[in-house]
Amino acid sequence: MRTENIEKLLLDVKENKVSVNEALSTLKQLPYQDLGFAKIDHHRELRQGYPEVIYCSGKTVEQVVDIVEVMFHKGSNILGTRATEEMYLAVKEKFPMAEYNKMARIITLLQKEIQVSDSYIVVATGGTSDIPIAEEAAMTAEILGNKVERVYDVGVAGIHRLFSKLDIIREAKVVIAVAGMEGALASVVGGLVDKPVIAVPTSIGYGANFGGLAALLSMLNSCSSGTAVVNIDNGFGAGYMASMINKL
Amino acid sequence: MRTENIEKLLLDVKENKVSVNEALSTLKQLPYQDLGFAKIDHHRELRQGYPEVIYCSGKTVEQVVDIVEVMFHKGSNILGTRATEEMYLAVKEKFPMAEYNKMARIITLLQKEIQVSDSYIVVATGGTSDIPIAEEAAMTAEILGNKVERVYDVGVAGIHRLFSKLDIIREAKVVIAVAGMEGALASVVGGLVDKPVIAVPTSIGYGANFGGLAALLSMLNSCSSGTAVVNIDNGFGAGYMASMINKL
Amino acid sequence: MRTENIEKLLLDVKENKVSVNEALSTLKQLPYQDLGFAKIDHHRELRQGYPEVIYCSGKTVEQVVDIVEVMFHKGSNILGTRATEEMYLAVKEKFPMAEYNKMARIITLLQKEIQVSDSYIVVATGGTSDIPIAEEAAMTAEILGNKVERVYDVGVAGIHRLFSKLDIIREAKVVIAVAGMEGALASVVGGLVDKPVIAVPTSIGYGANFGGLAALLSMLNSCSSGTAVVNIDNGFGAGYMASMINKL
Amino acid sequence: MRTENIEKLLLDVKENKVSVNEALSTLKQLPYQDLGFAKIDHHRELRQGYPEVIYCSGKTVEQVVDIVEVMFHKGSNILGTRATEEMYLAVKEKFPMAEYNKMARIITLLQKEIQVSDSYIVVATGGTSDIPIAEEAAMTAEILGNKVERVYDVGVAGIHRLFSKLDIIREAKVVIAVAGMEGALASVVGGLVDKPVIAVPTSIGYGANFGGLAALLSMLNSCSSGTAVVNIDNGFGAGYMASMINKL
Amino acid sequence: MRTENIEKLLLDVKENKVSVNEALSTLKQLPYQDLGFAKIDHHRELRQGYPEVIYCSGKTVEQVVDIVEVMFHKGSNILGTRATEEMYLAVKEKFPMAEYNKMARIITLLQKEIQVSDSYIVVATGGTSDIPIAEEAAMTAEILGNKVERVYDVGVAGIHRLFSKLDIIREAKVVIAVAGMEGALASVVGGLVDKPVIAVPTSIGYGANFGGLAALLSMLNSCSSGTAVVNIDNGFGAGYMASMINKL
Amino acid sequence: MRTENIEKLLLDVKENKVSVNEALSTLKQLPYQDLGFAKIDHHRELRQGYPEVIYCSGKTVEQVVDIVEVMFHKGSNILGTRATEEMYLAVKEKFPMAEYNKMARIITLLQKEIQVSDSYIVVATGGTSDIPIAEEAAMTAEILGNKVERVYDVGVAGIHRLFSKLDIIREAKVVIAVAGMEGALASVVGGLVDKPVIAVPTSIGYGANFGGLAALLSMLNSCSSGTAVVNIDNGFGAGYMASMINKL
Amino acid sequence: MRTENIEKLLLDVKENKVSVNEALSTLKQLPYQDLGFAKIDHHRELRQGYPEVIYCSGKTVEQVVDIVEVMFHKGSNILGTRATEEMYLAVKEKFPMAEYNKMARIITLLQKEIQVSDSYIVVATGGTSDIPIAEEAAMTAEILGNKVERVYDVGVAGIHRLFSKLDIIREAKVVIAVAGMEGALASVVGGLVDKPVIAVPTSIGYGANFGGLAALLSMLNSCSSGTAVVNIDNGFGAGYMASMINKL
Amino acid sequence: MRTENIEKLLLDVKENKVSVNEALSTLKQLPYQDLGFAKIDHHRELRQGYPEVIYCSGKTVEQVVDIVEVMFHKGSNILGTRATEEMYLAVKEKFPMAEYNKMARIITLLQKEIQVSDSYIVVATGGTSDIPIAEEAAMTAEILGNKVERVYDVGVAGIHRLFSKLDIIREAKVVIAVAGMEGALASVVGGLVDKPVIAVPTSIGYGANFGGLAALLSMLNSCSSGTAVVNIDNGFGAGYMASMINKL
């Protein structure tokens, strides 16, 4: 709550427009809705087309449907990440226009048109196996109203593939670099472009990859300036962060 | 065994009330019951309503049933943690009043009324996905005779949700903070209340969460005083510890 | 800030006892003092004799002295943990009654008499080398107004040493178990007493001890109920937590 | 090298303005200067006031001075990070206007006026001990031409300190959150503001902090959207990334 | 090969009892049998009743059967560890007297009577869940010709259970202590008996147990002298080592 | 692209054999083929019989088939590693001469005869369970045109088995040592031969093996000179590296 | 305390040879001596020549001297491990016949002749740098009354050095294998001899040795049966365990 | 020992040219020299100019001098790695022609001319700080008779620096890639050249570098084929391995 709101409220109390009890209630009434097992957060100013997000993993199918229902009735666009097909089918039964991207494990339920940015975000991957995480990032950014260019399978083992796409990468406002194995893509891209790079380590690999740890450490230790890292396989987080930057 | 018991025993020997062999046998006879694969511990003074606890994980269904049987015939209330549904069904066949909470994976078999404390324990969670561990803590505390208030899904990503519940949290005698991901809930609660906080890291999360390690380290390094930590996903341990404190 | 304070403030505004601007200022004015590099927190209700605590590690000597000065002028008792001898000498120059416990690395500066509890806290150690951390815990508890009983060098390698002290341990209201190496003391004590045990792993040991990790993991995995753990070498945290419990 | 430059070069060859050998040489001639032990990179378009950066750690004093000398004669502003006082004194001997910030371990050598941005970056810390890393971030951002607001010692143990500064934090274009111990500051700030948050874990702490690992994992697992992380203690990287975003 | 064998061989060559080629062949001919995928080792002096051991894990069913067949025709007793039921059934089809202990995952195929030692080995466990590993140790020791006493479920959470068995433990020639969770059993037993203790950490536990790491580190850091450790869940290794010691 | 190619291109431009646009297009046209989800790299000079390699893990069946199809039409021999049987069956449907080695998880599709080297590579394993990884290495080397000698199950537990094969190992040009558990094979072989040793740690083992970490660290710390290590279970990488060395 | 002692005591009480209070006192009086900071354990039956052991690390010089003094007056031989030269000089001042082995960091103070065993222990090392830990093991075993044969610098990089010593190793009753780096010595020795092997990983090495972790994991995963492991650099523990086995 | 040598020896025994005792002695006499604390290995066929190597770390100054002396009198060239300046001065006192490279920490003592190979090894580094390890590799290769080309400070943050050196790298017979931080140099070089790449992770970096772990994991997970890895900071090992390959 902003200072000016509190000031306004106090004036209203003083001028008897608002009773003390009402004011007290307002001060305690925070913008979320309580389902018992979940407190749905309507905190951020909800601009036209801005979606509500559900992190579906670890929730039951019933919980996901209940949360979608509450959000739907507020008229929001809805983005469900890490959703299983079973969750999607249950949502679809109630809201037939819900859609599902199996690779990205994303449920979308759109009620409003999305305004798309002029500037764009590049989502690049080191290999083919990184694409599901990249799609989670790309779809998140798109539903948040960003134009996205996909540049897939341009890892450093054949660096000429990356170079042939340099023009499109350099014109982006922000770049998401998604890579598993040794995660060198982030460093190489970071050394070639003058834009913020969001690095997403993936758990793709085996052996001493240790579930993405190798790529994570590699990206955190990048010798290229202008790179920051999100959690392993966190496509959503990268898409959200890139959207914030792209819309500044 | 207390000093006074030994003193009493020695006096009885001296006064010929007890033979040397009987005394020797008493000194060696400790309060447990040997099933071969398990030695059931009746060591603690068993107050009215105080349950016996079985950690079911890693035991066979038959072993669980056998242990329940022994405990039942001592007239105790019984709490089985980490129990599978299969274990429950086998127990229920012999003891039809056994109950099962699937989410908390807890079997209860109550023969005596539980006396409930006046002061209460708050069990708070960061997210919806932490609820199963929170329920293990809450049910453990309840069967141990404590009043419990649940405050779920109040993680720091939308900190106003936590603040709207501050009154109820601050009136508790002890708080259990259950959180996965970065586990910041424990620090924030610890900074807001003047009561002991038992922090329970959960394995909820992915990537660099490493099975709850992130939340565990976060909670151990909490900058808030008055916080101590139990093992990852150890709802039972938190409920037991909180009960001990609440009943002091 | 409590609900009743906000209610009172609103009533005062309504009744023109307080102007809107004053009320606004009060709502924003939080109980800390800003030194630029540090914001000294006077948030907790400061009871008679309750000290203010400075975590000295990572601060410059000048910063420590400045913070002591501010706290001193509020009339508080002061506890500085992880303090170097150099810090102490600089504090002592300004406040000659400051005292220093070199082993516990604690500066104390007492202006008010401390009220001591009737019930007591036991601080136990596995070995002689754990004593500095145990002293940090014990002195913290003492300056917070608790009676403390020290039971040192009772590790499980010679478990009869522990048993000979069982009476004194069992009469405590809460037990702090400080141990390095394999940290088994916490489990054994936890299995022998019916009181909350705060386990403090220490970095004492070598090789696969990995700076206290062995004891930390051991304590977190304790098979004894009623045990919770603080950070490695965190004597202060254990003392503070035990004090909270002892004073319930 | 951009496509248009290659096109231009080819045209020049065709029109005999440039010989084949010259063109070949140009294509191989890349914008760096070779000192043998170091290849100074003049790759990025060097705008007015934009500095050259030397990562001094691991270099000898002589190497640092040699690199400064080459950069100086190109007329650049120079920023030397992780510099020892000995390095500074050696640089100062040749370039008396060089300055040194001991806390941030930064050498600066300014030859051109810096243009400062209108929008600003907030650099926040959890504690006093995190200030050296925060200063590295703040000074890096400043020499890169950004306005910086410092908000220090606002960690979650006393969260009201953070709230009193929320207005200034919310008006920033990008926020750098610097914290050690459990690193919860990043999550809490990320949950309170609608701006990109660059999280910097510090190695401040002890025990199970494991040199900043606790804060690092905590920040990577943040449940707040819009947060990305740089390496432990990497103030420079955070300042550089924030500058890139602030100047978009 | 022993020195005396080489000497004998050289003498035989000298005295023309053995040709140079035969001697060369003998020197190269080592006591194993080559199946292509496996080289069965008959290296150790095979005393009456001493079994051949197959580590079945990672081998195909066919490979296990083939190896059993070769060993069987040498007249040996056979011990197959980490065997699946499927492996057992395939072995049983060819060798109907083969037996299987499902809990210990051991196949035995005995053709000779086993001579049993007078002195005995104690196999103790912390809990019921550690019994499968303990049985692997006990059965290994038994088939190697040792008398074994089992003392199960005597963990430190109820240390009186251990004390009631102290007499039998102290009379053993060597003790195997099998425990998961915090593995304190090894230290406590090591502190109570004057015999070599072989500690076996098990992967029993959850959360910060990390697959037996907690118990492993705990046992390696045991403050009790006279303890050595084998790999996590390595019941066979403990049984073999204990047998070696018991038979000295 | 080599210097001489650029020189030739520039000359062609100068002599009007090639237009500026064509030259520009050539400079940008890099030797790969873009399938959208994958960019197939034809970068290396493709000698007679040299195969194209597909790392199948993490790709869908459809993607694998599509990539095989593109490669096939270039007339290459094809090697698919980490392939499932399902992938093989889908490939076989289109290309009936495709073959599958289930143990090595390798699909081969040969269109040209392979020229085999005179010198050979030894692939040795510590145990029977390491054979699948060894076969991946051996088959990779073979399809790359190398003669391979397999020496399996010669681990250090029965070192005479290794010694009986020393002659064949010492005549190799390069040795691949594949071992799990403690991975000592690499050190012992490295100490016995004067040839480069490529060490492949495998994830075979249990407990404190931690998925191959024990063997990996052991091999990296080998006290024998002339040893280098590839990733855990990376048979392909070892076969490829050995082929490069064998063909020098 | 043995059962027969308790029986005897009870009989004495019954026959009025001992008063109840005396018996109670005896039952509580355990065989250690309390110095406040240390409880010296005289628990084990002290045979002729058996030493008392002080682990000096982490104790102050004064504490070491005080403990030596108490032990000395009981007439024991004394062994101080991990002792600094400063500790030695302080001990020597009071007890001039104290001796110090700087390499092994051991203080000895002998008052009784040591009886030496007929059978012997071999202490072998992989390299020269492992000798300090090996000497700690060897001297510990010697003062405990064992004959010791040293076989140093026989690591697997030049395995013929080990083979030339095989006769002496094979005649030992128990072998201590001390090695850093990859620790393969233990596996190779374990595969060559039919005796219990105590493996001691050392912290010798660098890089991915991680303070002895590589050797530790290697030894725990040894594929040779009959090997058990003590803590990194724990020469004392190995010497003590080997002595226990040698004296069976 | 080769088969033909054993055959010859047996023939000599048969023909009475060699007595049985002499033959036995020969079979046991292995080519090393025993200094007690070290067994100097003269096992490898010592070609003209091939040096003997001493790993100085962990040895005393006296031990190093003694070993140099023995080697010197065999007429060998000597290479001492990880040598301190103090060791060098002690060696120089006895052997004035000894030389020392402080950066590479290498003592050399040359008595014979070194034959240099025609083909060459490239030693490349990511940064200036990696040069000491690179020099250890380069000097090792040079004293082993290899031509070496140094290409320093060509890390991926400014990848054009690497490209300008591609010609010299591609003409090498084997490449050593030395890099700290994220170690991406190895992958990028591996993707650009058709030669074996020996990757050397260095401990250069900070924070989540964890002493070189980040670079190590990155290199082990390299997506480029034809790369193998040595231990962190193991310049010697890389130089030795590269020499082996270069001389094939």
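A, B, C, D, E, F, G and H are the chain letters, set down in written order, and residue numbers restart from 1 in every chain.
Note that a residue touches a chain if its C-beta (ideal position, glycine included) is under 8 Å from a C-beta of that chain, and two chains touch if they have at least 3 such contacts.
This is a predicted model, so every value here is computed, not measured.
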Under the touch definition above, the chains in contact with both chain E and chain F are G, H
Hop count on the shortest chain-contact route linking chain A and chain H comes to 1
Outermost chain relative to chain F, judged by CA means, is C
Matching interface for E-F, options A-C, A-H or C-D, criterion over half of contact pairs identical, gives C-D
Interface of copies chain A and chain B: same or different residues on the two sides (over or under half shared)? different
Chain-centre distance (mean CA atoms) for chain C and chain F, in whole Å, is 59
Between the Cα centroids of chain A and chain F the separation in whole angstrom comes to 38
Rounded to the nearest Å, the gap between Cα centres of chain B and chain C is 26
Distance in whole angstrom between the CA centres of chain F and chain G is 49
Multi-chain contacts in chain A, i.e. residues touching at least two other chains, fall at 3, 28, 127, 157-158, 207-210, 213, 216, 220-221, 225, 231-232
Chain-chain contacts, ordered by label, are A-B, A-C, A-D, A-F, A-H, B-C, B-D, B-E, B-G, C-D, C-E, C-G, D-F, D-H, E-F, E-G, E-H, F-G, F-H, G-H
Per the touch rule above, chain A residues touching chain F in the complex are 127-129, 131, 152-154, 157-158, 160-161, 163-164, 204, 206-210
The residues of chain B that touch chain E in their complex are 28-32, 36-39, 41, 43, 57-59, 63, 201, 203, 211-213, 216, 231-234
The answer for chain D against chain B in the complex is residues 126-127, 155-159, 181-184, 187-188, 190-192, 205, 207-210, 213-215, 217-225
Per the touch rule, the chain H residues reaching chain E in their complex are 3, 6-7, 10-11, 13-14, 16, 20, 23-24, 27-28
As the complex stands, chain F meets chain H at residues 3, 44-45, 53, 167, 173-174, 194-196, 198, 216, 220-221, 225-232, 236-238, 240-241, 244-245, 248
